[in-house]
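Scrolling down, you'll hit the structures one after another.
Consider the two complexes below, in which chain A is the common component and chain B and chain C are the respective partners.
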Partner chain A sequence: MSAPVSPLIAACLDVLLALLVLGATVVSALAPRGGLPWRLRLRRLLDVVATAAAAVVLVGVATAIVPGDPVARALGEDAPESARTAMAETMGLHHRDVLPGTLVPLAVGGRVLSGLVLGLVDDDGGLRSYRREPVWSVIAPRLASSVRLGGVALGLGVVLGVLLGALAGLRHGRPGGGAIDLVVVGLAALPRVVLGPALVAVVAVAWRLLPAGGDDDVAALVLPALCLALRFGGVVARHVRVGVVDVVDEPFVRAARSRGAGPLRVAVRHVLPQALLPVVHLTGLQAGAVLSGAVVVERVFSWPGLGTLLVERLQLGDLPVVVAIVAVSAVLVVTMNVLADAVAVVVDPRLRRGRAP
Partner chain B sequence: MAPWMLRHLLVWLAGILVVSACGAARHGDDGGRPAIRVAVGSAPDSLDPRLATGAVGVRLSQLVAPPLCVVDDRLEPRLLLAQEIVQVDDRTVDVELRSGLAVGADDVVFTFASMLDPALGSPHRGRLDVVAGVVVLDDRSVRFTLKGPHAPFVVDVLCASGIVRRADCGDSERCRTHPRGNGPFRRVDDGSQPDRLLLRREAEADGRPDLDVRIVRDGSARLLSLLAGDLDVVMGDVQPWDVGPMQRAGLSVEATAGVGFSYLGINVRTEPLADSRVRRALALAIDTKQLVAGRLQGRGHRSSGVLPPGHWAKAAAVVPVDVDRDRARALLREAEVAPGTTLRLLSSTDRLRQSSARAIASQLEAIGLHVDVEVRDWSVVYERLKAGHFELVLAKWTPVVEPDLLTTTVHSGRIPGPGVVAGGNRGAFVDVDVDGWLDEARITTDVQARARLYGLVEARLQEGVPFVPLWVDDEVIASGPRVRGPDGVSPLRPWRTGSFWPLVDAVVVDEGPR
Partner chain C sequence: MTTQHNSWSRWLGLGGLLVTGLLALVGPMVLVPPAIDLGRDLAGPDPRTLVGLLGFGEGGTSVLASLVWGARGAVGMGAAVSVSSTMVSVVVALAMALGPPGLRLLLGRLVDVMLTFPSLLLAAALSAVLQPGAASVVLVLVVSSWAQPARVLSGLAAAVGARDHVAAAVALGASPWRVARVHVLPLLWPTVLLQLSQGFGGAIVAEASLSFLGLSQRPLDPPFYASWGTMLDDGVALLLAAPHLWWPPALCVFVVAACAQLAAPTRAG
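Up next is the complex of A and B:
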């Protein structure tokens, strides 16, 4: 059982936490890079933590700054005083009573961050949604859904993009090449808000092959994953195509051909490996966003992911859940970028030697 | 990249695909029981009737923990758990429960006591301010003592408060998500599948179906899922433009006049809208017939005031205002409003509201007013309404069943401000006669007298025009071929209040492809 802390001390601790997090993030961003590999890895790890923490603090600060009463927004104007007090405490807005106005946003930022971290180890002590559910219990099933959808979509997108991009690059300037280019550009440009309903109308309604929405079984995953993957695959294909076109006439490729290697072997062993590096970075950039929620696809296919939860809770003014989603998204985005960098270092020896590719 | 790395990458990708896909291979265990797949437009905020405030939460909670009475299609209270409700005197109401219920008098007292307890944080506590005490008379009877005469008590309190079991909700967080009362259903899913709730029959009922409730937020997704056969029923949330495709596809679409009152709100604190002649001019310039026929595609009824058509307190003399733009222009000239005067009309992002706002703007152009339509997210609209930062706003009150809602919307004591509870008079309309009639109607228990008073109020509002009544939406149920009404032949028919109660007696006639 913890001893009660005076409201002023609690408020000051929250302000201090917010200042520490923001300060550490700025220092981390400005500090010079380089040094021993283990230090670099540690720095990367700290980047992930600091970015997520700073994002949470900034959302808390923004909530306290924007006009209106966030408690009334979350609970409605007719909510009883007890519920208002509890929500104000959850959000850190009760610090208004003991702190000067200028410090309140920082206190709110610090409070939501500490509440979020505490919620990871203790459901009862951490942040709770406006419906009084522990925030992590709200987030967890949605995150699992988003990761499932995002994972399949990214996998499909990479496979589709690499195959299509390679084909487009190898057929560049030959008969049929223009048509493949058109398909690639078309996929990359196709808005999901159009593609999604079209897929449902054809595959689910007209042909009755797959479910129109929901997340009941594997079959329900196919259409939303395809909707995400087709566009992502189009973007990947464009990058792969450029890479293939760049290297397809390089001396080492011509040498391979002259040694009698067949077209498939040349493509797989000599051309594609050179063209795939941009795909690693691209996948890293896209992965964080896709895994942390794809609002349009989730709505069209009634997929219960993080994106729709974020929109729903933003409209309700449910700050605790919003900051939790922001934190998760920040961690996912930064982690996927760090992973992409790590994979790039592994696949390209020039990066290991500190040279630009 | 070395070839071995490429191979590894492909193996990893395949692994991710398989693992991710397998994660989806789960399904709520329905034990082979028939279930109706029902779509609703938003997630219920709670199934505990003491906490639910959203339309979906309130309606679903009624299936689990119904109240003592419900409001029927005549918009009058109909006994449900109660055998009898007796007004002993103007401060005492006795309720006798039906026999054989799973809830008793002790549960009724517990429900109301817990709602009054600040520790629960019930958003309905304000409604119970009028209650001085609730006591058990015997196993099946309770007595409510009121602080003063309060005519809306039965509809606003007894018919709006689901009764939960003390044994399940006495000291349990689980009650927030899995409450139990005397409803025909209980929730059996563990909440692990987001956006899906499984409501199972409390008792075996001759193979009558359970409910598989799915939250489908997007209107087009609801339509397409119904057409694809993935859903059986869409309760409410059927957009007017979806009705045609549904009917053409052979789905059943049943509608009835609802109880949602859409209106053009007017902030009478702003110029030139402070002048009642200008407000009357707006009412005369807006063609509600055209709006209902065009924007709602006939799925609604013109409105003459807050109270819906057919309501027991609706005065026959209060009828929708017909368009008369010449008279509207004359009123504007009288009020010395210069041609081209600009008004700002606030609307939420809802598709129907947006398009209606634009139609209204163009109708007001016809009398020489220029209207800028501001489309904002609903949370912003709501904040601005409460703060009084608007000139015109397109909004809706729902459900309008108890005529005392007029007090919330036009009584001068309900202009939002510090200390004002339920401040719904956002346009700051003031009329002392209206205040007096409303106050009197609140404490008058004679139904005829109340109806007369509300008739006076609605007639006065047509002169003062604190808002322009637009329409009453239809309540719609769309259903596929698997589901039928209790006789197994007729389609599911909606209640005016949008209650989910029609699902209680629904039957599955064809297991067919699911």
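Up next is the complex of A and C:
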């Protein structure tokens, strides 16, 4: 509409974009591994972009394959014609008129991706929600509060998990070790759907210590962050515990002890660094899980994050916003994994030479 | 290195799962959900009768009856999901480790892309578009949960595939199918069991979370309506007025999830 391009060419461009993205992800996997460090970093960056773009395209393709008319689902049967065409156009569904049916899903995938990217630079040109708001303006405030909650929760979880895991590993096979193990397993298995309401009932209502919901001040952040962090901390602790148990009787640890190093110094300087590597990768992997576990936590504590936005818009059938949330979470997850790889090299000197990530 | 977890805690976990299974099997035979009786709407526990042991819910439904019927649904669904998703991940992992190079790349990329979707978000998105039904619940949870174990297992399968006995089998002319089945798969069993057990607990928690969010595509006919997740949802709304609606399903979900973790064979001293 905005540019004087014939509908057929516009449709073909969208199909081409989708094919290009899907092809690029496969080709970037085909290219040989190894090479100079800066080249490796460039490759990782390309991987990030390609994987996230492919995720968006696949979601677009899926929305067009699922039975039923997405436009009718979002707007209802008796929506005015102008609203329908606008919605069909933002999703690329208007390509139905000029393309054979089998190509439409690909066209939708390409259109959704180009709409998201356009929306970043130009509010008017990009993907729009069913109420005609630019998607990024819908998402931005929600993303900010999700990142705030997730960041605090991940930090809290790592600290808690490393402390608890180290304790469990060092007490292994000694009095009290079994009890700490049970606490660790219990935390790791604690479903947020159970923990959240329990925290609200006990801490917020019975003790009146902290607010039960909202996002007004720092105090309101404590309970949801704790709810996310306790379980994540339990998962981290299980891995740290295994790592500590593995090295605690190694010759280099005994050598440190025999040189007269105190128990604290042995634990912090000699044992823990060996157990930290899995924590780094786990944190990268859990960034996505924290985001998705956050759906339940956001609902319980009425925290206005991305997860609740996704559930609301799914129920409304607002596919453009859904697709945009998927894109954001894909970029977030892949970026966190790349960051984790980078941090792993800092933590473990053995990764610095020779071995490609 | 690969010693078993403290055996007593494993037995605790296995015992807990066994009790849950029995509850799911026998409970619904013993406890028929009572007829609606508004006279005991939200009434507290009444230890004189079995039906009232844990109190009554809205419309006088028995909490204990809902709990055991919910157990049947949860155990059946958890088993179906964990078995199917583990099977998918084993097949994909073997293909990723031993298949032709092109297939390896494609599957590797597919797993990469799947892992960029946080699993509960993916499940929520899928259940919003599928028709209600028990099969939809299983499908949603399998699709959102196979990629992680496939990643873990494929790394392991590749490591096993690089061992000498596999090279010897290939040199003797064993087909890829035979290599996968006879020479690689048996060495993956502990991890497969781990995934099976964790998948079971994970599926039950995921289903409860989806129901809690109002996104589960559970069928609404009587034996299924009492899902632990919907009980949690109803219970949260009345958490302060009638806590006896909330804590029984909450405890069940937590205990089953914890038992599934404990029962899994883990690598630890």
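In the analysis below, the second predicted complex is superposed on the first by the 346 of 357 C-alpha atoms of A that agree within 3 Å, B and C clash if a C-alpha of one lies under 4 Å from a C-alpha of the other, contacts with A are read in each partner's own complex, and residues count from 1 in each chain.
Please note the rule applied: a residue touches a chain if its C-beta (ideal position, glycine included) is under 8 Å from a C-beta of that chain, and two chains touch if they have at least 3 such contacts.
Just so it is clear, the structure is predicted and the values come from calculations on it, not from any experiment.
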### Message
Just checking: does A:P197 make contact with chain B only, chain C only, both, or neither of them? Give me first, second, both or neither.
### Response
both
### Query
Regarding the shared-chain residue A:D122, is it in contact with chain B (first), chain C (second), both, or neither?
neither
### Task
Check the residue A:Q315 against both partner chains and state whether it touches chain B (first), chain C (second), both, or neither.
both
### Message
Quick one: is A:V205 in contact with chain B, with chain C, with both, or with neither? Answer first, second, both or neither.
### Response
both
### Task
Check the residue A:A83 against both partner chains and state whether it touches chain B (first), chain C (second), both, or neither.
first
### Task
Report for A:S302: first if it touches chain B alone, second if chain C alone, otherwise both or neither.
first
### Query
Is there a shared patch on chain A that both chain B and chain C touch, and which residues make it up?
68, 197, 200-201, 205, 299-300, 314-315, 317
### Query
Quick one: in the complex, what on chain B touches chain A?
1-3, 5-6, 13-14, 16-17, 19-28, 42-43, 45-46, 51, 53, 118-119, 121-123, 125-126, 176, 191-196, 214-218, 220-221, 224-225, 227-230, 377-379, 382-383, 386-387, 416, 421-423, 513
### Task
Spell out the part of chain A that touches chain B in their complex, as residue ranges.
67-68, 72-73, 75-83, 86, 131-133, 141-142, 144-145, 147-149, 151-152, 154-156, 158-159, 197, 200-201, 204-205, 208, 211-218, 220-221, 268-269, 272-274, 276-277, 299-302, 304, 308-309, 312, 314-317, 346-348
### Query
Okay, in this complex, where on chain C does chain A touch?
1, 6, 8-9, 105-106, 108-109, 112-113, 115-121, 124-125, 128-129, 201, 205, 208-209, 212-215, 229, 232, 235-236, 239-240, 243, 246, 250, 253-254, 257-258, 260-262, 266-269
### Message
Taking the touch rule as given, give the residues of chain A at its contact with chain C in the complex, in rising order.
### Response
25-26, 29-30, 51-52, 54-55, 58-59, 66, 68, 172-173, 178, 181-182, 185-186, 188-194, 197-198, 200-201, 205, 238, 241-242, 245-246, 288-289, 291-293, 295-296, 299-300, 307, 310-311, 314-315, 317, 322, 325-326, 329-330, 333-334
